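Scrolling down, you'll hit the structures one after another.
First subunit A sits with subunit B, and in the next complex the same chain sits with subunit C.
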Partner chain A sequence: MAKVWAIAFNTFKEAVRNRILYILLIFAIVLLLFSGLARELTISAHEKIIRSLGLGCINIFGLLIAVFVGIGLVYNELDKKTIYTIISKPIDRWQFILGKYFGLLLTIYVNILIMTLFFYFSLYWQTFMGSDALAKVYAAYPPGQAPGALHQMGYCGWSVLRSLGLTLKTLCFFPDQVTADLQIVVVMTCLELAIITAFAVLYSSFSTPTLSAILTVFTFVVGRGNEDIIRYTWYLERKGLTSTAAIVKYHGAQFVAHLAPNLKIFYSDTCNAALSNPPVIVDYYAIAYAAIYSALILSLAVLIFRRRNFK
Partner chain B sequence: MARRVYLAVFVLVWLAVAGYVVYRLQDKQISKLEYARPFRATLALPQIVDRDRPDSDPAEEELPQLAKVMALGYDEMVASLLWLRVIQVFGAKLQHIRENPLELRAIENYFLVITELDPRFVEAYKFGNFVLGDEGGDQKAALRLLDRGIVRNYNRTFVLPYEAVFICLGSLQDYNLARYYVRLALRAPDCRDYVKRIENYIALKKGNYEIALERWVRDDLEAFRNRQDHLVEMGHLQINNIANQWHGSIIEAAMERYLERHGDYPARIEQLEEENLIGTVRQVDGPRLMRLLEGAERAGMATNDAVDMIMGTKDRPGCVFESNRLPRDLRGEAYLLIDEAVIPIQQRPTVGERLALRRYTQGDLLAIRRRIEGYYKANGRYPATLMDLPEMQPGLREELKHEDPVGLPWNYDAKTGKIGSHVFPEL
Partner chain C sequence: MAAVVETFGLTKIYTLDFLDVEHGRLKLRLGRKRRQRVALQDLSISVEQGEIFGLLGPNGAGKTTTLKILMGIIFPTRGSARILGRPLGDKWAKARLGFLPENPYFYDYLTGREFLKYYGQLYGIPRRERERKAEALLERVGLRDATHLPLKGYSKGMLQRIGLAQALLNNPEIVILDEPQSGLDPLGRKEIRDLILQLREEGKTVFFSSHILSDAELVCDRVAILYAGELRNIGRLTELLSARIKEYEIVARGVPAAILEQWRPRADRLLVEKDNAMIIVRQENEAREILSRLNEVGATLVSFNPRRETLEEYFIAQVRGGTNG
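Moving on, here comes the complex of A and B:
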């Protein structure tokens, strides 16, 4: 396993040198902080808007990182011929694939951690700088008299420090009422991305980056639409499976729905529960599902990669 | 060689086992879905809102369901973005939505999509109700949207059925439907105390005076027990109001019978009793009601026992009784029939509460007389009309220049500066 971790850390180091990663990360952070401005655009449901936009940003950018960094993982090694230096060492191919997978996963999770940090910071910051909190500060002064510049700066600085402290506390799995349930959504996002990353590695093991990107995104779309595909089969059933085309469509859809991962149970369902129907209950079934599905896809990737000829 | 065979067998077994487990888990998830979520033909082609038929119901179209599929699981995020968008759209089209039904339909579509994506977005239903109903003037569309919200948030929040109650009471005037929504609101765990009192109001509006009275008596007693002074005061006012409306309806019915018999309204209210036109009807013994109510409050009786005592049971009479006499108000005073000589014969006389009207008229007369004296001192003459008087003091009704509390013009003489009331000439 030491060899797997060595490859994983190397993959991580390689990924953090990737410029696209930083572009995505900066873009995500700007968007996360911008979501605070959405507060000013809405007439009510402020918290809900900020939370849904923030969680959505984390998930989308995690996905983009998985796709754009993951698709070139194996291909680049083959393209630059660096694979020869690796396989000439006593490293098995499954160790290489697993190392790549865990390295990419580590990169994604570190990025999610950074995005979550900014997201929580933004949430806490707004609890201190929101109109209710500021009204309490101003209430301490006589009517018509505003706090001085020094006091305002002091309050801002104190809010920043307090927000940072609370963010770090939450990230250490001590959530409070501001971030309660959001932690589970972030964890579920990580599980979902574990499956997507496995697919990215699988596609990367036998195809070009462009094709890998297309296939990974396609898998994501099918995975998120899994429930709708099932509904579509019910629709066909209700209409009656009278023609050959209808039967083919029905069985094709059933096959795809059973083959593709059901990704809605991760981010979508927990986000829905966290924002609309708290508290969220940890779905251990989803955790087991993500672990087994990822392992299955990685096994396929190993199987394909083992038979691959590098000449 | 043997190692390779073992490895191949292991991989095959692993793939078979893992594949089977994933298949079973997937299947379990799908079967759960079948029970948990209702069927919708989500992938069927949507019939986009027909612009030639602005009156068709967009909830029946499949656009919202298609939007849900297209959101790819980012339902809350897309709903939030559309929510921000619909606020801007509403702001921009505020002036046109009443005039152009298509604009209103477009905004309705926004709300349908938002609430399909996030069915528990209570604020979206509330704001949608405001935009479609209050601003757009389409109360039925607003009620449709609220109905969607009520079904999807059943027993979760009282807010949505509570909003629906006001549509039913206001523009639709459907008291049975309003009562249904009140009952729904009362089931929600977050329901506020004031919601149940709307049912009292509905009973009154439907003409179920006895039920309304019983409900208010109960609320009044409970408020007294809980030392909620403002509610006790409100309860007394409402009991007074119910008694007046109840008795007013009895007198009005008698007057209709009088009109049928004589072709004219009576000059005196007593004529209704003299000609036996009241009939044997249930009415409230006001002074007895107040005595029993105050007695129950003082004695600290259990609410149910006190209500039984006040409203009466089969064995023990309460404050409600049957009589063919003219009803009287809570103080035992006779009601007033406004003089037909003042009001045109075609106009229907109204029933008022004599003491209160007299008190208000007295107060208004005092204020106007002071103004007239002030005008005389300043100008050396009396005003030609009451409209020449300067602005009334803050807090006084400006309308009192035009009419007395009954709604009739004052009896004013510009030569002598004397002012009086047609209804209460003695004042």
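Moving on, here comes the complex of A and C:
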């Protein structure tokens, strides 16, 4: 496994030195920090808006990193012919694929950790700077009098420090009521992305970056809508499979639904947490599903890669 | 001596796409035969332990294809090969091999030191030894001052040198180099030549491909000549190249014009540049006579060079389908 980790860390290093990663990360952080502005768009349920926006942001940017960094993962090695010197070393081809997968997963997880950190910070910061909290500050002053600029700045700085402290405490696995459930949701996002990353590696092992990107996003969309496809087959069944077109549609939908991953199992907790619908529980079935599905997809990638000639 | 690399009827046939763009024109290939391109045909050679073996041939001869098959980068369509007695792809054999591909591209975001350490990990070399070897090799290939530079800042010559360093990381028994001198300046080519000779002195087997024949002639013990995917000839340079002297080249200063006119019919070629004359004759007695008369006619001998057949001349004769005389 030492050789797999060597390839994984090199893949991580490559991704970390890739400009596109920083562009995505900065964009995500800006969006997370300014999620507070979204509260101005609603009359109530401010917190839900911020939570939805934050979790969605982590999910989508995680996917974008998997797509943009993952698609060129194997292709670039072939295109730049760096694969020649790797394959000539005493390693197996499966070690290379596994190393690439873990390297990309490490990149995504480190980025999710950073985004989660900013998300939590944003949540705490909104708590201290929200109207209820500010009303308490103002209440300390006589009517008609507002705190001075120095006091405002001091309160602001104090809020930043407290938010940072609470964020770090939460990240050290001591969640409080603000971030309760969110930790599980982030783990579910990580599991979902483990499957998507396996697909990105699979597509990258035999096709061009553009095609890989299209196929990866397509898999994500189909995976998320898997349960809807199954519902569609029920609808077709209820209507009656009388015509050839209906039979083709039914079996086609069944085939896609069974082949594509069911990503809804990772997503339902996200919805619950975003809407503060307790309880969010650790879904062990989802963990097993992600592990087995990723292993199967990676095995397929290895099978394809083992037979490839690198011209 | 034992054979360390053996190939038995190695053949590689590429299957081309149905539809392709060639020279800006859309090309449709219908039929199985039209879609096939033979890159290598029934190659059977063996490389002995401790020798410098050159795989020579023009572009597209199948040299790189052969080396790629040996390194497990592509698979043969037919035939087999053994490296250190093991079949292709064997990890034990790979651990005793060093390989430098043609025009090497490496991870340009890594520094020279990071790159060697990473490749050391792939060989499974322990950390301390890896670091020691990386430093020693950077010193050996003359990149001591560029260890902290990312590879994207390296020149072509520097990339070739770091490529050689990675090929030597595991102290290999066999070093396989694909066109190691391609694209290098004369100084760089000489450095590679010296390194190849040095590797032989260390007891390593060097198997390299090249189309720079003058360089190959200086270092190779044995050569194989490939042309259009087929083996044209294989053997020791001393056996392949004619031992007899092909012609005698005499350069003299101050030979009177009238004398030169007398010698012109006897000479194979006669060139006059200002006061210097170059006379090339095929027969030894002709050369002796000209040399003996130089004093008489008041001329000075500048140089006398008996010329044997070069590898380049032999190679051209081979690829044109001729035989060596």
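Everything below uses one rule, namely that the second predicted complex is superposed on the first by the 305 of 311 C-alpha atoms of A that agree within 3 Å, B and C clash if a C-alpha of one lies under 4 Å from a C-alpha of the other, contacts with A are read in each partner's own complex, and residues count from 1 in each chain.
Everything that follows uses one rule, which is that contacts are C-beta pairs under 8 Å (C-beta built on N, C-alpha and C of every residue); 3 or more make two chains touch, one makes a residue touch a chain.
Nothing here was measured: the structure is a model prediction, and the numbers come from that model.
With subunit A as the common reference, subunit B sits beside subunit C without any clash. Comparing subunit B with subunit C, more residues of subunit A are touched by B. Looking at the shared chain after the overlay, A:A2 reaches subunit C, while subunit B stays out of its contact range.
Touch criterion met: A:S299 reaches subunit B, while subunit C stays clear of it. Of the two partner chains placed by the overlay, neither subunit B nor subunit C lies in contact with A:V160. In the superposition on chain A, contact of A:V217 is made with neither subunit B nor subunit C. In the overlay built on the shared chain, the residue A:T85 is in contact with subunit C alone; subunit B does not reach it.
When the two structures are aligned on the shared chain, A:L171 is found in touch with neither subunit B nor subunit C. Shared-chain residue A:R231: touches subunit B; no touch with subunit C. This overlay, made by fitting chain A, leaves subunit B and subunit C with a least C-alpha separation of 10 Å.
Annotation: subunit A has no residue touching subunit B in one complex and subunit C in the other. Those residues of subunit A that touch subunit B in the complex are listed here as 38, 41-45, 48-49, 52-53, 55-56, 59-60, 220-221, 224-225, 227-232, 234-235, 238, 257-258, 262-265, 267-268, 271-272, 275-277, 285, 288-289, 292-293, 295-296, 299-300, 302-303. Touching subunit C in their complex are the following residues of subunit A: 2-3, 6-7, 10, 13-14, 17, 80-92, 307, 309-311.
Here subunit C touches subunit A in the complex through residues 14, 68, 71-75, 91-92, 94-95, 97, 99, 101, 103-107, 109-110, 114, 118-119, 121-124, 163, 166, going by the rule given at the top.
Interface residues of subunit B, counted against subunit A in their complex, comprise 11, 14-15, 18-19, 21-23, 25-30, 33-34, 37, 39-44, 69, 72-77, 79-81, 83-84, 87-88, 118-121, 123-124, 126-127.
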